[in-house]
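You will see subunit A twice below: alongside subunit B first, and alongside subunit C after that.
Moving on, here comes the complex of A and B:
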């Protein structure tokens, strides 16, 4: 960590920055949206550092930030006080971004595997050798197995768009992202209810019921910051979670709900809202479809019944329903983000969506808002070719009822690859994503890679997925890159565009994804699809936004002052009935429950626990756990275990335990705590890595090794919390 | 008997044609190929800066696409469809219908 003397910021300069930051903080509280004046990027300041705008890449939020650069080196990262989506905030991970750039373990050159797969033996090769090899393999696999025989995966990165573009030009339908590990069940549920995925208007909410989301630790902008401000403005926060998170700790009320019973509580809340006439009857009559069917359906789901399923007292369910009804329409069930939990996660999230619809909060202040107009175009158009000899569809097509054809399902695609049906997939390119650490059942992922003819990974560090590759390509850190523009949605905070310019020169032989895609395209006679620069791409993206480029250069962000509320006035809802669907007609036609039906779930039983996973404010899955600055806060994970079963098992705080599931086993230290239910154990994600080229190697246990892989039947989302484990006191 | 049946069928066809009764396409063609054919056959006119209105599957609902393609020979641009085969029309329709505004997977970009 640099010493304070290395930060060459004068007192006057510091005061200027502090003032700007304070002003920005005040903005968040007041709800006024006028950006403050502050130091401008590109200006040489008197104190000896340059300030350059960037966009953080330490998680998916893409917060605008300012790099303080001295003699061509980044000394410090600060928040951009004009960036309203983060309310002028840069979190711990964002501050630690400088260490991603200067991490001595960074990938520096292309590496070719010379030992067994996963053995960690490499040979440095030149870029031209690497690209020739990759192109030769892509050509050979495409010819032998069709172009769909090569699979592509890209993370939530601003250059991932070029990887997906390459996959289309090359001709593979088999593209994946992190989304089927994360949120597609929630996306499916809200799309199938409202015709759109909502953005919560947290700042103006009066009441928020949060089911399992951990917004004060697993940060989402502006929700995390606005939630705190809204609470100062008397918003009531009620949290239900099997684990006592920091969000739970800050809530007005907390209920340690039994895992997999959220739907029971939601249906009981709907029962009370309807029975007591507390729902928004005018809104429901005008804008929704299926209230009669829903009323009849939820008659059976009484608060007393739900209490038996969930361990949330019946009186509490009734009270919450009444309070939601009283606070409507500025009341919400928080839609949440990660929904990779259960086999019926889409239906669970449908129950959240239905209660929101009953509250009439859609498109209204303090409720769930529609996406605002940003106006960013798609960039340079792709003349996507069609290859006649390709198979008809993705390898995982048809394996979930309503899978998104562009997202697919990592779980179902991996199963199909392992089976070799309906056709072989023998090549894999992964860009800035790490399925070895994040996808349940790591043994299956290893088996998939072992069956591949060629695996190529491009990343900043030697992730576990890179560790399994044949060819590893060094990617530039976000602070070295020129990237396309990105549209951002922030409800009442903003609808905006950000873009990323390099703040320092690229180090070593690291390259951007676009350059790699262009080089490969040129070798595969696909060059015409990549005949542009990032500047050309940006120009095409910004063609409908006059003045945006200037604003981006001046402020690091462009705002579109587009309509926020009442967006749907006079418009149809994008569902089958063109109304908000309490009863889903399309589901009924497809043989899927048109309204969520609660089904009894398997209980852990004696000597078993349900394993739940998550993260906190200083780790973003596996991409940040090896950051040496963040490791000063956390360099290990532990198994949260309730004192009652711990006593029965003879386990004390700090003991080494073995966690075993049908998928695998890991050894980890026990954290004996009453912050988790007796039937539930918890682990942070991002530890127990295989790669010896990561600083975190040898620390903690890996969730992917012990999580059982199941899937949501409607969306294909991974279902990670269907895992039951045994825990025993046992040293590794 | 056979002659009478043929006469009846011929008469029925004439009646249906005169009434302008349309046939319904099924949206079970190859949507992926349809996307390609839509770009090749339709986007040459239906694009920004071209002679016809910019067009994407999300510009209409499934019902609207169904109606438009039920009588596609009456579309103003049908005269330009000379080289588009019947099977290709089904693929294009499948793409438009399956990625319409109110479909389960609305098209993301044009």
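Moving on, here comes the complex of A and C:
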């Protein structure tokens, strides 16, 4: 029989896990109005629970949170009210973090594949067997194909730094992250205009034009929350999106823009700003380079022309340009985050950056702010070894004009691996990332894995990528982990540091990445590169921030009260001309358009649609969709299809349809709705999984299966919205 | 201690329909899968030109004239005089389901794990520990505000004075709810007329109201159970309950 305290735990917590559901139900009536005092005096239940700081890992935002813990079990996760970047909130996914920790489908032990790859047949092995095997394979592949023959991928995780460190110590240049599926085109564009990637000062903006972003559903802190507060302070929000998102639903004005025509609208806005003298002439004269070239360049891009390209009326474009001009400098074109859309996404986002520059909003309230000083150091330094017989560069080197060497391009690296050129890559380690679900053209990813000698995946759950592995390693949930510090930028909200301490003991045989890297390093005679603890690493990170550790322990966050506006006063910009580059000299030298040139795009034409993908506030791509709480909101995805083509195709709401592209096909339920354009269909990310060890298996369709794997020619970012599909209602 | 009048004052126009409040409530109150103590109405907006769409968060309205209390045959559901909340004594609840039909807001459901009526209680357990209701503390845009209307210094009391608070009520069943909406409410046509258990009025008339609670379990409870089986088809949830669940699933 459970003691009274156990009863309390079980009633407030996970009935299924505690196995005390019956007892709880029987006793459920008491205590409803009274404080929690059923436990014996002197226990911690006197005050209900212990409160421990943690950092959420349900998406990339890393919100500080408070875990309410009773008898070693997390009962509830609450927001940390002192955490300004999230404005003291915790979203649905953050609240559902408890279910990740106690997911019965969690990976519990190292698993070795015994069936065919992707068949889902496994044998439980010990950690020492698993690590011996992994080290042996790493050694063998390194010897046979050079150390660059082993590729490493790590997601947006606080311990990913150790995986990248391991790759360097081991000697492979081939490291990947999630970024080439996500944001590097936008990063490239703003770096190549301002010399750094801005943080929007949404809270104090008076006007925001949002295109290529869905900030009220795809939550980014503090932008999403500040956007609502700013709207209450009379900020005007104008949204252009082929889809009627909830951001569009909350906007003052919404335009169902034709996909791939954002640049046309933006160049026309630049045209109006310049022609009518509405841009910040003093700022542009002092701080930018290339206004003459730009003025000439955008002459051709009239609002009337842009209207023809975009379906946004010319009068609206003129009006928006004038309103932006009137509200400047507290007016912005929202830079956005995921920009893995088109072959020219860097140039599209360059056009966003250029309009911001014309508004003179850089480094000013309500505009785009520079990164503030946080002061977090890099941790324990690595003495990178040199391996003589390595090839000269990454496998995807030179395949796009201006790639980020640390991030690479998953798509281009995969192409090179499949081709076996310029050299073979036969090993793959993936930590907390899931390219099988997030990278376009899943068939090619499968093919890549099939050609590998050894694939190892470490994650919390059996993701589709883990499902393809030879060896699967169970990772600790964030609530069990001791992690290094992480610096965060939040414009007017903060420049801050968070860190993660375990709130409960690790379950099963789950381990942290650092431990695995240390064990492997030891077996590969690389132990000296990992001769530290997380505490040592934190200490090195925090060495320049006296008092930070105490603040982190006390408040769950350390704030650096650093300068927010005017950071660039008296400083040069980190570009070739040391100014904000409307005209990019470096691009000109490299044969890239120095200013964005709008090029006619292929249109879907008759009986085809452009497929666009996205998510809502309860989806973090494929990492959240099997969460048993979040599944109660959404347990599959649907294909949004406009009523007009639906009628022509004889498709009714709820019908099963086949979506087919040159990459692949999926069956999915149709959602017939005027919330998408007649030429555009839409799907949520994160469904249609192959892994039978995920609760969502068998539900919905997979974006990666039907998306065509094109790429942005400058950054190497994935270009997911270059996909045309047919939609048909056929017997399955 | 002075009597409290606990209430929520909600600015629907702040709501993003992010589901944070629903997820927080579910975890905080251990609400079984598929059942919800709170909701967001209007989750599947239709295209609306020229004006922002309004999503509407809500939960049990802790009414001052609660029809659920009248409908309850055992006294399990009652108005807590100390703070104004409508609460369920799970020991007395016989799970007859009459209160579900009697609620114009569909705020109640039969907890499938416990077999008794369940609904929002403004997070009584969290309040006892000095925490705000889970939905209030987690809300990204602080759409939901909570406090004591009898305390003029409380944020909710101030909001009531500064804004133009409105209640959402059903024309046929006015219950004087304690959730107030500021300005635009969003959808307001989703309430239903309370279905009161006619048959019980007769039995109730026979019983001394003072004795009702005491005899609830032994005498009236059994009668009520019988009555339910006679009056309602087995396992048929009241309509508004179904609607509410669907709203939560969008």
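The working rule: the second predicted complex is superposed on the first by the 684 of 732 C-alpha atoms of A that agree within 3 Å, B and C clash if a C-alpha of one lies under 4 Å from a C-alpha of the other, contacts with A are read in each partner's own complex, and residues count from 1 in each chain.
To be clear about the criterion, a contact is a pair of C-beta atoms (placed from the backbone, for glycine too) under 8 Å apart; a residue touches a chain by one contact, two chains touch by 3 or more.
What you see is a predicted model, and the numbers here were worked out from it, not measured in a lab.
> Once chain A of both complexes is superposed, is A:643 in touch with subunit B (first), subunit C (second), both, or neither?
Neither partner.
> Which of the two partners, first being subunit B and second being subunit C, lies in contact with A:308: first, second, both, or neither?
Neither: A:308 stays clear of subunit B and subunit C.
> Please work out whether A:678 is in contact with subunit B alone, subunit C alone, both, or neither, and reply first, second, both or neither.
It touches nothing on subunit B or subunit C.
> Count the residues of subunit A touched by subunit B and by subunit C, then name the partner with the higher count.
The partner that reaches more residues of subunit A in the superposed model: C.
> A:405 in the overlay: touching subunit B, subunit C, both, or neither? Say first, second, both or neither.
Once the two structures are laid over each other on A, A:405 reaches subunit B alone.
> Touch test for A:250: subunit B only (first), subunit C only (second), both, or neither?
It touches subunit C, and subunit B stays clear.
> Is A:378 touching the first partner subunit B, the second partner subunit C, both, or neither of them?
First partner only, subunit B.
> If you stack the two complexes on chain A, which partner ends up touching A:76: first (subunit B), second (subunit C), both, or neither?
second
> Quick one: is A:98 in contact with subunit B, with subunit C, with both, or with neither? Answer first, second, both or neither.
After superposing on A, A:98 lies in contact with subunit C but is clear of subunit B.
> Considering the complex alone, what residue numbers of subunit A touch subunit C?
Subunit A residues touching subunit C: 11-13, 15, 21, 24-25, 28-36, 47-49, 75-79, 81, 86-87, 89-96, 98, 216-217, 219, 224-225, 228-229, 232, 244, 246, 249-254, 617-618, 628-630, 632-634, 674-675.
> In the complex formed with subunit A, which residues of subunit B make contact?
Residues of subunit B touching subunit A: 30-33, 35-37, 39, 61-62, 101-102, 104-106, 108-110.
> Quick check: in the complex, which residue numbers of subunit A touch subunit B?
Those residues of subunit A that touch subunit B are 173, 191-192, 195, 378, 381, 383-386, 392-393, 402, 404-406, 572, 574-576, 578, 586.
> Hey, which residues of subunit C end up touching subunit A in the complex?
Touch list, subunit C to subunit A: 14, 16-20, 22-24, 26-28, 30, 33-34, 45-50, 52-53, 80, 87-93, 113-116, 121, 124-125, 128-129, 131, 134, 137-142, 248-249.
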